[in-house]
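Order of writing sets the labels: A, B, C and D. Residues in every chain begin at 1.
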Amino acid sequence: MIPAPYRVRSRRPDRADTVTLVLEPVDGACPPFLPGQFTMLYAPGVGEIPVSISGRARAGGYVQTIRAVGAVSRALCHTPRGSLVGVRGPFGTHFDLARAAGLDVVVAAGGLGLAPLRPVIRELAAHRARYGRISLIVGARTPDALIYPRELARWGRRFDVRVTVDRPDRAWQGPTGLITGLVGRIGVEPGRTCAFVCGPEIMMRATAEELLRRGIPADRIVLSLERNMKCGIGRCGHCQLGPLFTCLDGPVLGYDKVAGLLEVEQL
Amino acid sequence: MEPIVLDTLDPLIEALRERGYAVVGPVVRDGVIRFAELGSAADLPTGWGDEQAPGAYRLRARGELVFGFAASPDAVKRFTHPPRTSLFRMRDGVPERAPVEAPKVAILGVRACDLAALAVQDRVLLGGRYPDEAYRKRRAALFLIAVTCAVPGGTCFCASMGAGPRAVSGFEVALTELSGPHRFLAESGGERGAALLAALPSQPAAAADLEAARAVAEAAAGRMGRRVDLDGVRERLVQQRESPIWNDIATRCLTCANCTMVCPTCFCVTVEDGTDLADGTAERTERWDSCFTLDFTELGGAPVRASGAARYRQWLSHKFSTWVDQFGAYGCVGCGRCITWCPAGIDITEELERLR
Amino acid sequence: MKKLAVFKLASCDGCQLTLLDCEDELLSVAANVEIAYFLEASSARGEGPYDLSLVEGSITTPEDLERIRRIRRLSRHLVTIGACATAGGVQALRNLADVGEFASIVYARPGYIQTLDRSTPVSAHVSVDFELRGCPIDRRQLLEVIAALLAGRRPVVPTHSVCIECKARGNPCVLIAHGTPCLGPVTQAGCGALCPAFNRGCFGCFGPMQSPNAAALNARLRAAGMDDEELARVYRTFNVTSFGGSCDA
Amino acid sequence: MTHKTIRVGALTRVEGEGALLVRARDGRLTDLQLRIYEPPRFFEALLRGRAFTEPPDITARVCGICPVAYQMSACQALESACGVTVGGALRDLRLLLYYGEWIESHALHIYLLHAPDFLGYPSGVAMAADHRRLVERGLALKKAGNELVAAVGGRAIHPVNVKVGGFHRLPSRAELAPVAERLLQALGDALATVEWVSGFGFPDVEHDYRFLALRHPTEYAILSGDVAVSDGTTFPVADWPRHVVEEQVPHSTALHARLDGRTGYLTGPLARYALNAPLLSPLALRAAADAGLGRVCRNPFRSIVVRAVEIVHACEEALAVIDRYVPPARPAVPVAARPGVGHGASEAPRGTLYHRYRIDDGGKIAAADIVPPTAQNQARIEADLRALVAPRLDRPAAELAGLCERAIRNHDPCISCSAHFLDLRIDHG
């Protein structure tokens, strides 16, 4: 599979090291995606990495938020408006919102984990009436590291939104500490709640365990996993987690399917 | 088409060449028997055999057989899923697919385990949602001539994997080497094979020839150097994820990846992106990778499978357990290559037994 | 245009010569990068700072210690090329000896010699952005590192075993098929598994691979007939500072 | 009283690191030092205790430009200690490997290091801006040499295929065929090179050199031979220590080799040509004649022409070797360690390279001695420089410095080689 050329239509720095790009296909339409799916983004000559889709741009195309942590993500973050990048995908499983219909929804995001959850939240907002109570809990290392701050404020007017940071600055007035601390504050009704969780693996496991403890069944706690991926299509073998190919069987998976796997060290 | 008997292989080689195939077969080279292009049947390793044991391989003079040896260090994988291929080149932001090189190659002397391994790779590379078209092309360009194993190696266990020693499908022509007098029973496995055989000077096979061929395979099956007890192996490996045996193996395992390189079913790859300093074009190549390398699972600057134990566990569990979950078959065909070509002499059949 | 500089410390010249040995690429490299400072190849001495400095050779004298600090200050990326710069080189064998004895044997007036008692890699003194292994380095890897660093990407220089390259190249395994001692399983790839292709065992000129298990290999090498003394010698050749301890394992 | 000091801080376009210091007072030259600040690497010391099979791989690391020379001198010294001779096709392969190094090293020197002096460029790369085709030709020649070394030795720098007694693996005729094709091309390029460089403008300088080179009865000596001196002396390599004595002189860091009691002789292309020219290959001989080299060339600036002629010779001879090559039965003659002393010498591109080893009862190296060509030439290079500078002290310092650098480059000094030298003193004062 070779990447399709996409043009960077806009480039908006979110945070010091995080940029949101709008990518438009150079020719043809851009294939539809479901919340939680990802693309393989190619910085020409530099490399290719998996990046979640954070939204559909109004004029078509993908909205993707990238944090510069290494060579490829840095190159993508620095791609100027108008330049070409390569896109393959979308790939992988998605957050199944149909299953959430009629239920209370907890959306839990750690750090950049908010990026793949953004389409989930927008969907919830667009069809607010289909769901019960909606709570959004977000954790970030520092207030500075929070992405989508303006949207968070907007969502806060419609849902129960709570944000915690590990290391507050002087201006911070909200809660501090781990995101698991927020789970107790949102008041969960186990029989009618489902959860969508994305963030660093330890954060996801701690959150899922906390939700489990509160009685939410494991199959209604859905995570999005991260593994090394070179192909995105189950060919390179890198992303295996026990029997799963994270790129094909995941990245979005029920906690019932992965809890046992994540428990085993270095699986 | 009915089985026939061939006295020599030269007409077969010639006929393949006339059909535009480069004919590849086993030859003695640099102290091993391995695939190389054949000039004529005289290049075949007549009289040579091999002795294989964990971490050991030696050439040995052996009777008059042409195919009196076991699996060679290279598998058909080298032709269907080459060690390195170019995927695309990109000039001014527009990627151009690299042309797929799929030369017409006839491989003479393919073993049952190799055919079984091809079937496994077919499932992996063609059976899913994203079939690999380059693999399909290279695969289609092959003309496979199987040979029944008469002398299995000391590390072979294809019989217990249900993959040999006699090839039952996946070939165009299958040969069984018979002695007294020396001749080959040839059976076709497809139309191309039948057409080829029809064009060769031959006699029809007698009932005794068929019986002799069966006896060759049976004797070989009885002489397998090793076996694996598949009963419950898949579940067992799941239960044994935290076994201390993995750490014990890790003290011996070099994490050198030889086992995965020689394995005919291992398919893992990585990609390398680069730019040409001179003309600025970008290129992506794909090359064999292995679950034994650290970069394989690198995430956020650190590998998921940092320990040798975790990497060995991935390899063995994949072959005999999770492969079944993923592809509905084992990832091992019992060729024994990973045992012979492991510098540390680690024997998967023995380790599986210990993990009981 | 980005500026490239090449510096030499205690070494044989082979690694910097590798750049001149890129016969097919040299002129196009030079068209895309300003080779600003490269004494072996040019009498032009372009001023720093340099975008990329390639440093060959180990630190063995007080002057070179000073020089490497200056080079570091002048360089955006500092890349060491070869076993000398990366692991002290063959001259680091002195590190295992009594330098006083060494000098008294070799020099009539040892007090006159301004040399440090140890040959050390560049990274022992200044921060290094990338270390390219090999005695000598591989031409293709050198081009890759230059291209990658100038393009701002991570060089594709695998750190796994030589065995992977050996199998990809289609060599027979000399250890298994010939009984020839081979360091391939504990040595980093990069040479293209050259020695096994020439029917000889790898002797480790690219230094240790990412997760070397020398104890396990040594058991095998002893079985192949190497005694402890030979083991010690083979690890203590071109990469003494990085490989030297492997024989004690 | 007027003082004048000329410093060339770091010599460029030479292999290794050196500097030059010239002092004059009242129009008289008082001091001239070719300084080597290349750090010593103690090769002779670190070879002690190594297995007798190791010097070819280890001493190759003395010099990345001429590793084959080190491997060949080392092998022959060790073989002679063990009482083994390597002949026939194995010796032919050694010649082939060595010709590859000559082609590669000479092409490097001519096109990238030396010719820019005559055409007025700082480097070969800069020269390519105006003379792209020429530089490309040089690179193609160099590549042909490197490919030959790689085909026989495995890689161009520090080949891996050489061992005491022969090789690890024999190349097949089929593997050498493409190399031969390239050499044929290279031969044409080499002839063109002779024609090109012989047209350069050479300063009218001649020195009364005493030449030293190996001499072989039937070959333009490269791999082996007796040691011949232009005053008529000839001695076997094993007598080297009795004829060549290295001495330290008080004023200089440079070591001066004394040959039969007299200091300052020259080894290298000019010496080889003077002593062995009639044994050059036919095309090389014709090229030398057409270039007007004469029977003996004493102008160091014209050494570039001799090098070009030697490339022609190497290409032509290499082709002949490939043509007659039939892989021998074994890749190497078995060599068992034998206690004793062995001497070996061969002609590195820069001149005679001598090795001596003493092997102990356990098959280990007990003592090693290496005499590289540049160390031998050092005193002579300084003499060249004195002769050049003394009558021109009135010229501007920059001009003199440039001239000196050129004069040093005439001898293609390899400082990396010379700096490992047994008795070298590093004096940074």
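As a convention for this text, a residue touches a chain if its C-beta (ideal position, glycine included) is under 8 Å from a C-beta of that chain, and two chains touch if they have at least 3 such contacts.
Treat the numbers as computed from the prediction; the structure is a model and nothing was measured.
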item: Innermost chain by mean C-alpha position; value: C
item: Selected pair, greater C-beta contact count between C-D and B-C; value: C-D
item: Reference chain C; chain at largest CA-centroid distance; value: A
item: Chain centre separation in whole Å, for chain C relative to chain B (CA means); value: 37
item: Computed distance of Cα centres, chain D from chain C, in Å; value: 25
item: Inter-chain centre distance, chain B versus chain D - centres from mean C-alpha coordinates, in Å; value: 51
item: Intercentroid distance (Cα basis), chain D paired with chain A, Å; value: 65
item: Junction residues of chain B, two or more chains touched; value: 273-275
item: Residues of chain C whose C-beta touches two or more other chains; value: 151, 153, 199
item: Contacts with two or more other chains, residues of chain D listed in rising order; value: none
item: Interchain pairs in contact, sorted by label; value: A-B, A-C, B-C, C-D
item: Parts of chain A lying in touch with chain B, wherever the complex brings them together; value: 1-3, 5, 42, 44-48, 69-70, 83-84, 86, 226-228, 230-231, 233-238, 240, 242-243, 245, 248, 264-267
item: Contacting residues of chain C [partner chain D, same complex]; value: 8-18, 20-21, 23-24, 26-27, 30, 35, 38-45, 60-61, 63-64, 89-91, 93-94, 97, 102, 105-109, 112-115, 119, 135-136, 191, 194-195, 197-200, 203, 205, 230, 233, 237-238
item: Interface residues, chain C side, partner chain A - complex; value: 151-154
item: Residues of chain D defined as touching chain C within the complex; value: 10-17, 37-46, 50-51, 54, 57-58, 61-65, 67, 108, 112-113, 116, 122-126, 128, 132, 135-136, 139-140, 142-143, 146, 154-158, 160-161, 163, 168-169, 248, 331, 405, 414, 416, 422-423, 425-428
item: Residue numbers on chain A that touch chain C, as the complex places them; value: 45-47, 70-72, 74-75
